[in-house]
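Per-chain residue numbering starts at 1, and chain names A, B and C are given in the order in which the chains are listed.
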Amino acid sequence: MGWLNRDVISALDFNREDLVTLFNEAREMEKYARSRLNILEGKIMATAFFEPSTRTRLSFEAAMIRLGGHVLGFGSVEASSMAKGESLGDTIRMLDSYSDIIVIRHSLEGAAKYAAEIATVPVINAGDGTQNHPTQAMLDAYTIWREFERIDGLTIGVLGDLRYARVVVSLIQLLSNFNVKLRLISPELLRPRRELIDFMNSRGMSYSMHSNLSEVLSELDVLYVVRIQRERFPDPVEYERVRGSFRVTPETLAGARDTLIVLHPLPRVDEVDHRLDSTKYARYFRQSALGIPLRMALLKLILKGE
Amino acid sequence: MGWLNRDVISALDFNREDLVTLFNEAREMEKYARSRLNILEGKIMATAFFEPSTRTRLSFEAAMIRLGGHVLGFGSVEASSMAKGESLGDTIRMLDSYSDIIVIRHSLEGAAKYAAEIATVPVINAGDGTQNHPTQAMLDAYTIWREFERIDGLTIGVLGDLRYARVVVSLIQLLSNFNVKLRLISPELLRPRRELIDFMNSRGMSYSMHSNLSEVLSELDVLYVVRIQRERFPDPVEYERVRGSFRVTPETLAGARDTLIVLHPLPRVDEVDHRLDSTKYARYFRQSALGIPLRMALLKLILKGE
Amino acid sequence: MGWLNRDVISALDFNREDLVTLFNEAREMEKYARSRLNILEGKIMATAFFEPSTRTRLSFEAAMIRLGGHVLGFGSVEASSMAKGESLGDTIRMLDSYSDIIVIRHSLEGAAKYAAEIATVPVINAGDGTQNHPTQAMLDAYTIWREFERIDGLTIGVLGDLRYARVVVSLIQLLSNFNVKLRLISPELLRPRRELIDFMNSRGMSYSMHSNLSEVLSELDVLYVVRIQRERFPDPVEYERVRGSFRVTPETLAGARDTLIVLHPLPRVDEVDHRLDSTKYARYFRQSALGIPLRMALLKLILKGE
C-alpha cells in the first residue's frame, strides 16, 4: 500500500516500510524547509481544528506553504460556534468540496476516522480523543532516527502521563515497528491503559514500568517527556507532589549517558526545566523544527505519491 | 451594465441576462473548481465578517485561491473587539486600501450598501440584515439551472421561516427573472413580509401560500428548505410543535415526484432529516459544492470582466 | 549598518540615513501597492499578535502578499489560550523554525526585544508595552515626508495622550533625526514622561508643552492626534471634560494654516470629528493607505537588502 491518497488516522496503519519511506522523504525535504518547493501549487489544505492547537496547526500550514500550496480553514473559536448546530459530517462534506486534503483535530475519539469515511479527499488526523496523534509520533520517531541514524537497538524512556497523553499511544504504536527497549515511567495513577499493555505484549515489545526516572536513567538513549495535567488528579496536593517528582532538570539527569537526548512534544509548562535548554541533552527544539520537513514529506507523499 | 467592477449588494440589481452570463461562467469554472486557474494572481480579497459564517467565508476563500488570488481579513471575533470603537466607514476605508475586492457580512440591514458607497473597490454582500444574501441566492438558482438545464416552467416550494431567513427574500427576487410557480409553505407566524408579497405582485409572479407541505408536494420540482429558529417563538412549546411539522423526512416526501430535488442553504440542524441524504431527492451537498464555481465566476466577472 | 536581516525593535535604532533609504524604497513600492511585485515568493511571515490589532496586522499581511510572500500566525484569541502555559521564548522558537520573519505585538514592554534575542530570523515590533510602535512611527514620518517632500523645518503638533500612547514615543524618537519644532498638547495628567523629556533635551530638540491647541494652532504644519483613553482617568467626569476639549473638529481648526495636515494612527473613536474627513486638512486615510508601501519597503529591505 503506497502513500498516494492515503488517510493518516492511526499510527497502527503504518508499517516499517511506510515509515522508512516517510523518513527518507522528510530528510530530502529538510533542504526545502527554509525555502520553497513548488510541487503543490494550486492545492488547498483545509484545517478543521475543533480543538485549539497553535503548534500543530501552524506547522501543517508552514509545510503546505513551503510546498507551494494554500491553506484555509477554521480554529476552535469558529468551531465552537459551529458546534451549536451543524453535524461533523456536514462540516466535513463542506470542506471536502472546498479542498484537496483535510487536517482535523477533535476532542472526540474516532472523529478523524469518521471524517475519512465521509470525505473523498485524504484526511490527516492532527489529534483526536486521548489515544491518537499519529503525525506527532511520526515526527518524534523521525527525530530519533535523525539523531541516531537508526531506531533499532535504542532504549527509550517515556516519562509523565502515559494514560491520557494522546501522543504516547501513537508513539508506542509506531515504535513497535522497530526493535527498541521501552522504559515507561509514570505515577501509579497515570500508568498505561490495559489496551496499550496488551498491544505491547501482542507485538512482543520489550518494556518495563517504573515509578522513578532514577531507576532507569543510566541506560536511556532517549528520554521522551509528556506533561502531567492537573485535571487528572482529584487531590491538588497529590498533584503538586507528583508534578514535583516528575520534573526533568539538570539535577535529575545526573548519571545520564553523555549521548542521552531529551524530547518533548511541546508546548511544555514546567515539566522540563528551562535550564535544560542549554544543555547537551535538549533536543526538543530541533524536534519541533523537524515538524516542517516531516509534514512536508507527509503532504507530498499523500498528494503527489512517492 | 456589465459585470466588471460591479458591486453585489442586492439580488434586485441583477436581471436575467446578468444571471445567464453568471451561470454560463460558473459552468465553465466547474472545470477548475478542483484545480487552479491563475487569472487573479496578485489580487487580494478582504473578508470583513462582522457576523460568523464559516461556510460562506470559506467558499469565497476557496474560490479566490482556485483563481490564483489571495485572502486577508477578519472574522466575527476580531470584529467584536473592533466594534468597541471604530466606525464601519473607517474599517471599510482601511480594507479598501489593502485589497482589490471586499466581501462583507454584517448583522445590520444596509451595511453592505453603505460599504459599497465608501469603498473604491467592488463590494460583495455575503449577507446583511434579515433580507439580503444575494450570492447564496445566485448559488441556489444556479443549482436549479444545473439540475434542470432551465428555471422557467418549474414549480418551486420554499418551506420554513419565510419571514426572517435572509436568503428567502434574495432567492425570490432572483427567481422573479424567470417564469416559475412559487409555493410558499410556512407556519402562520413566519409567512413572508408585506414587502415581499408586494414585490411578487408587482412582478406578476405566480405564487400561493400554504401551511402544510402535503398540500403542494405532488406538484413540486424543487423543495427549498430553510431553518426555523427557536428565537422566533415566544412559546417554546409552540416552537417544538411547529418545528416537528416542518421537518422534511423520507416519510413527508411520500407522494413527491421522482424528479423532485431538495435544496437547503446549510448549515442545517434537523429540519432536513439525515436519512434523506442518501435518497434520490437530496441535492443540498451538490448545492454546497457548487458554491465554489459560482463564487469563482462572480470574482472572475467582477475583477476581470466577461 | 544596512537593512538586510535587521530587527525593528525601537525607533531609536534608526538614523536619518536609514530612514531616507526606507522612505525612498516606500516611494518606489507605491507603484506596486495595488498590484504585485514577486520578490518574496516562498517567504513566510509569521504574525504573533498577543494583543489585538486588526489594522496593523492586516497591513503587514497585505504588504507581504503584494510582495509575493505568505503569511501564517495567530491573533489574540489563540494567544490567550496559549498564554495559559507556554513561555514567550518557546513560542518564538516555534515561529522561528516555521517562518522567515516574525512580526510581534505584545502588551509587555520589551517583549519584541526578547523575541529578537531568541529568534534567528528578523523580528519586527508591531507594538509592545506603552513606549514602542516603531513601524507606525515610520509610517507617520513617511506620510509627512510624502506630503511636504521634507521633514526638516516643519512645526509638528502632537495632541492627546502623550503619556501612554505607544506611538508618540516612537514618533518623537524618529523625528529627532530631523530638524523639527514640536508642540506637545495634552491634559496635565497625560504630559510626556520624564524619560521622553530627557530624550528630547539630550538630542537638543526644539519643543514646548501646551494645554490648549489654540495656543499653537496657527504655526502648525502637521497636527498629529492620538486618542485619550477613558481608563487613564480615575474620575469619569474629569475624563468627559478633557475628552471634549481635546476633540479636533472643523471649528477647533479655525485659524489653522491652509496647508495644515491632520494625521491620526487610527482607529479613532471620536477624537477626530467625522466632519473633518471631507476637509482639506484630513490626511489620516492617506496615512493609513501608505501603511502598505511603507511595510512593503520594510519587508523588502530586511529580507532582500537594499
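Assorted remarks:
Everything that follows uses one rule, which is that contacts are C-beta pairs under 8 Å (C-beta built on N, C-alpha and C of every residue); 3 or more make two chains touch, one makes a residue touch a chain.
Since the structure is predicted, the reported quantities are computational estimates derived from the model, not experimental observations.
Where chain A touches chain C, under half of the residue numbers in use are shared by the two copies, so each contributes mostly different positions. The best fit of Cα atoms from chain B onto chain C calls for a rotation angle of 120°, in steps of 5. The mean-CA centres of chain A and chain C are about 41 angstrom from one another, to the nearest whole unit.
Multi-chain contact residues of chain A (touching two or more other chains) are listed as 77. Chain contact summary for the complex, chain B toward chain C: residues 41-42, 44, 46, 70, 72-74, 77-78, 81-82, 85-87, 89-91, 93-95, 97-100. For chain A in complex with chain C, the touching residues are 34-36, 38, 52, 54-55, 58-59, 61-62, 65-66, 68, 71, 75-77, 266-269, 274, 285, 288-289, 291-292.
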